[in-house]
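I've put the structures underneath this note.
Below, subunit A partners subunit B and then partners subunit C, in two separate complexes.
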Partner chain A sequence: MSLERFLNQSVSPWMNAEGPESDIILTSRIRLARNLKNHAFPTISSQEEAKKVLEKFQGMIPLLNLYPLKDAEFLKMEHLQPLHKQVLVEKHLISPNLAEQSSHGACLLSQDEVISIMVNEEDHIRIQCIFSGLQLEEAFNLANAVDDQLEQHLDYAFSEVRGYLTSCPTNTGTGLRASVMMHLPGLVMTQQMKQLIPSINQLGFAVRGIYGEGSEALGNIFQISNQMTLGKSEQEIILDLKNVVEQIVQQERSARESIVKTAGIQLEDKVWRSLGILKNSRIIETKEAAKCLSDVRLGIDIGYIENISKNILNELMILTQPGFLQQYAGGPLRPFERDVRRATLIRERLLLEKNS
Partner chain B sequence: MKCQECQKRPATIHFTKIINGEKTEVHLCEQCAQEKGNVIMFNNTSGLSINNLLAGLFNFNPNIEHTQKNALHPNEIIQCDHCGMTLNQFIEIGRFGCANCYDAFQDQVTTILKRLHEGNWKHRGKIPQRSGGNIHLRKKIDILKETLQSLVAREEFEKAAEVRDEIRLYEQQLQEGGE
Partner chain C sequence: MSLERFLNQSVSPWMNAEGPESDIILTSRIRLARNLKNHAFPTISSQEEAKKVLEKFQGMIPLLNLYPLKDAEFLKMEHLQPLHKQVLVEKHLISPNLAEQSSHGACLLSQDEVISIMVNEEDHIRIQCIFSGLQLEEAFNLANAVDDQLEQHLDYAFSEVRGYLTSCPTNTGTGLRASVMMHLPGLVMTQQMKQLIPSINQLGFAVRGIYGEGSEALGNIFQISNQMTLGKSEQEIILDLKNVVEQIVQQERSARESIVKTAGIQLEDKVWRSLGILKNSRIIETKEAAKCLSDVRLGIDIGYIENISKNILNELMILTQPGFLQQYAGGPLRPFERDVRRATLIRERLLLEKNS
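Now for the complex of A and B:
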């Protein structure tokens, strides 16, 4: 497969779009958890019950003729190749849990991959919308509209006092998880991130690295999301998150400014060296690739590097994950082979920039 | 006391089952208990895992009054009659079995939700359009009542009167709809 064709097939529109504040905010994501009345939740339900839920959902799909669920693709997990599932996970369109553990799990995916509805994950239904940049309200409005459409045909488990009843009590109420993915190299370099995380937590928001394990945030990419789902309206939850995120954006901007002012030449050196590594390496591990991509993206944002598109970070962070690399290679790869393949893919991708 | 199942062997296991608030005393011998599967649940509960988040939340409660009210009596099993999940199983795995569990474990759920959601236990967000029924109207009234209180507190009586009239209007609608 040629790289261009692979990219055309692999890159979701929201990876390329440049939403508001997209120099720092990569994506905004909304997730709504919903369950059906009179069916045990997927975590304990029997095979037959899970099947019934799936059939109920599937029977309703033809009725969803409104944009944007028209022409959506229905993917049953049991019919997908492991590699295909892994790619969907790496794109954040389905959860690892749905891919590996669900029984009668499925996903309804809109053509533009903005909406994905998971069936029989931890909850019967999970509606997810991803937008580029800071567009929490837009993503919520879409998810909300999808929810309204589904509710016309499905009986939700809802209580006046508790709200939407979910499998896990951490989602009860609105069932809403709003999250924003942010690129914060300035705050990491100036050592401010470590202090910032506890104070964001105190405000009721979770911070985690979205790539990499544990507390490590590969590529200086962090995800901020609400923890509380009960007692506030959806609008309040989103507004509160937006306010926190906007403050972090301000702090990241001023951190970048102060680095440029006080250590401009060192930063420029770091950025160009990283571009050199990406352009020339023959073997590259995930961690090093993520670090270099973060540096190059920062260099583009600041204006040191021209002629390379901004979305290279978003795109390559996703495409250099094991599942994608193996899909590109057309078969399974051992870890060392992946590192070679990763280096090749990055080099070819950068060459594509020059030609265009 | 003899086992209530086999009526032969002496009952060595005694507990109270609470299903939808209805208490039943159960006395079984070890053999019958094992056959009924009760003892398995029972054994699981004897040591609440400290590592478990929910169990931790449940046990650590600064509000003493609440703790006493919701404290688990060691010989009681609270169970959901829809999916069969017991309260102890719920605490152990941290996931409800079905929507009805919320009612079955009502008292404990409030405590847990409060700890997870900064003291909140009541939903203030979206209400489904179709199955929401007149909840929409009642919620609207609730919110207006809160507004009314804060207006009175701020001594903005003219606005308060307007809000009061609005509440009356909705309450009328609610009554008409209910008849």
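Now for the complex of A and C:
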């Protein structure tokens, strides 16, 4: 498959670098956890029960008439190749849990991959919307519309006192998880990030790496999300997160300015060397690729590097993951082969840039 | 000054990569040490004596009619700026000793910089000829012709028993030092060089770095030269050195072949990354520049890199030395400024290459 065709098939619209504050914020994501009344929740349900939930959901799909869900694709986990599932995980469209451990797990995916509804994950239903840049309200509004649609056809487990009921009590209430993926090289380079994380935590927000809980902050990318789902309205949760994120954006911008002022040439050197490595290496591991992509993206944001699209980071952080590389190669690859393939894919992707 | 003009003025013809075995041998150099009868040798002579020798030499210059010395330039050390002397040292045209410590030191330099005759170095006269590639006989023949010319006008200190007399007994006899500058990345990478050096020494040859005694083998460049000047004819010395050098050339070729076979992709990765660094860095130290230049030259020799001239290594190893950088900048530079200027010069030089 040609790289261009592969990219056309692989790159979701929310991977572009066009939303508000997109110099620092890659994506905004909203997730709503819902469960069906009168059905045991997935964490304790039988295979049979799970099957019933799946059938109920599937039966309702033809009734959905929300435009963004037009021609949405329904994917049953048991029918998918492991590699295909891995790619969906790497694109953040399904969770590793749904891919590997669910019984009768499935996913309804909108054509543009902005909406993904997981069935039989930890909860019966998890609605997710991803937008590029800082667009939490927009993502929430869409998730809300999807939720309203589903509610017309499904009976949710809901308590007037506790709100939406969920398998894990940490999601009960709004069932809302709002998260923002941020590129914070300035705060990492100036050593501020380490101190910042505990203060963000104290405000009730979690800080994670690009692939969720326990994952490393590859490429200086951090996910900030609310930890509380109860005792606040959806709007409050989103507004609070937005406020924290906007403060971090300001701090990141100051950090970048101060590095440019105090160590401009060193930063330029770092950034250009990383571009040199991405354009030339024949073997590259995930970690080094992420580091270099982060440097190059920073170089583009600061204006050192021209003629290379900001999307480079957003796209390649995902497209150079093991599942994607193997999909592009058309079959399984050993780790070393992946490092070679990763280097090739990055070089070819950079060649697609004009005048690069 | 534009880089092209600077290069035109700076690059000597023997810096090109065109002589025999030029994939491995950069240059062949012959040096003849001679002293004048009836004058104290420089190491013990008075200022006055040194001045007389200089005047005697200078008086004879108009009488020289050897074509390669036509329009040769006579440079008195006391009249040269420190930077100019440093550049001549970096080009191997004069010794650091002549530049810094000689009394009434001078140098007669042919237009093409192939012939350089030092006056009042450790010996009264040192004739040097440099050729590109493996051309020891050619260099010796020219040095010999120069020597014959000088002998027509000067009385050499010569003993029928000991041959030419010199300040240091290690040069007595033929006064000949023949040396070959070799690029040996294959033997270094395969760890063979460390074992090879003692065996070369045992055969009576010295192994040094690019800037002579005590200098590091920057850029995997080694200088092999005869240690004995006595008890063998000039032809024997040259033939013995040539034999050793040709053996090393064979071993280097085998080492390269074996690396390509066993670790082709790793080598390709190394070579291309180095090119990426040279094309992109904004700050680079001598040592890293030399390492990268060596890698790139190897990549060109093996055929991984096309469209870049082999001269890159030969030229840039010399042009990125501190003196040259400061000459190009038009004045003194602090070490950090040199690292920045070095990176710029290398990038600009690479941009002069077609399609690079």
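Here are some notes:
Here is the rule we use: the second predicted complex is superposed on the first by the 346 of 356 C-alpha atoms of A that agree within 3 Å, B and C clash if a C-alpha of one lies under 4 Å from a C-alpha of the other, contacts with A are read in each partner's own complex, and residues count from 1 in each chain.
One rule holds in what follows: a contact is a pair of C-beta atoms (placed from the backbone, for glycine too) under 8 Å apart; a residue touches a chain by one contact, two chains touch by 3 or more.
Source: prediction; values computed, not measured.
When the two complexes are overlaid, the chain among subunit B and subunit C that reaches more residues of subunit A is B. Using the contact criterion defined above for the overlaid structures, shared-chain residue A:G204 touches subunit B, although it does not reach subunit C. Shared-chain residue A:D155: touches subunit B; no touch with subunit C. Contacts of A:R334 after superposition on the shared chain: neither subunit B nor subunit C is touched. Of the two partner chains, subunit C is the only one touched by A:A343; subunit B is not. In the superposition on chain A, A:M228 makes contact with subunit B only, while subunit C stays out of contact range. When both complexes are overlaid on chain A, the residue A:K261 reaches neither subunit B nor subunit C.
In the superposed model, A:G276 makes contact with subunit C only, not with subunit B. Within the complex formed with subunit A, the residues of subunit C that make contact are 265-266, 268-269, 272-273, 275-277, 279-283, 340, 343. Only residues 35, 37-41, 43-44, 122, 144, 147-148, 151-152, 155-170, 172-174, 176, 204, 228-234, 237 of subunit A touch subunit B when the two sit together in their complex.
Interface of subunit B with subunit A (complex): residues 54, 82-83, 85, 93-99, 102, 109, 112-113, 116-132, 135, 138-139.
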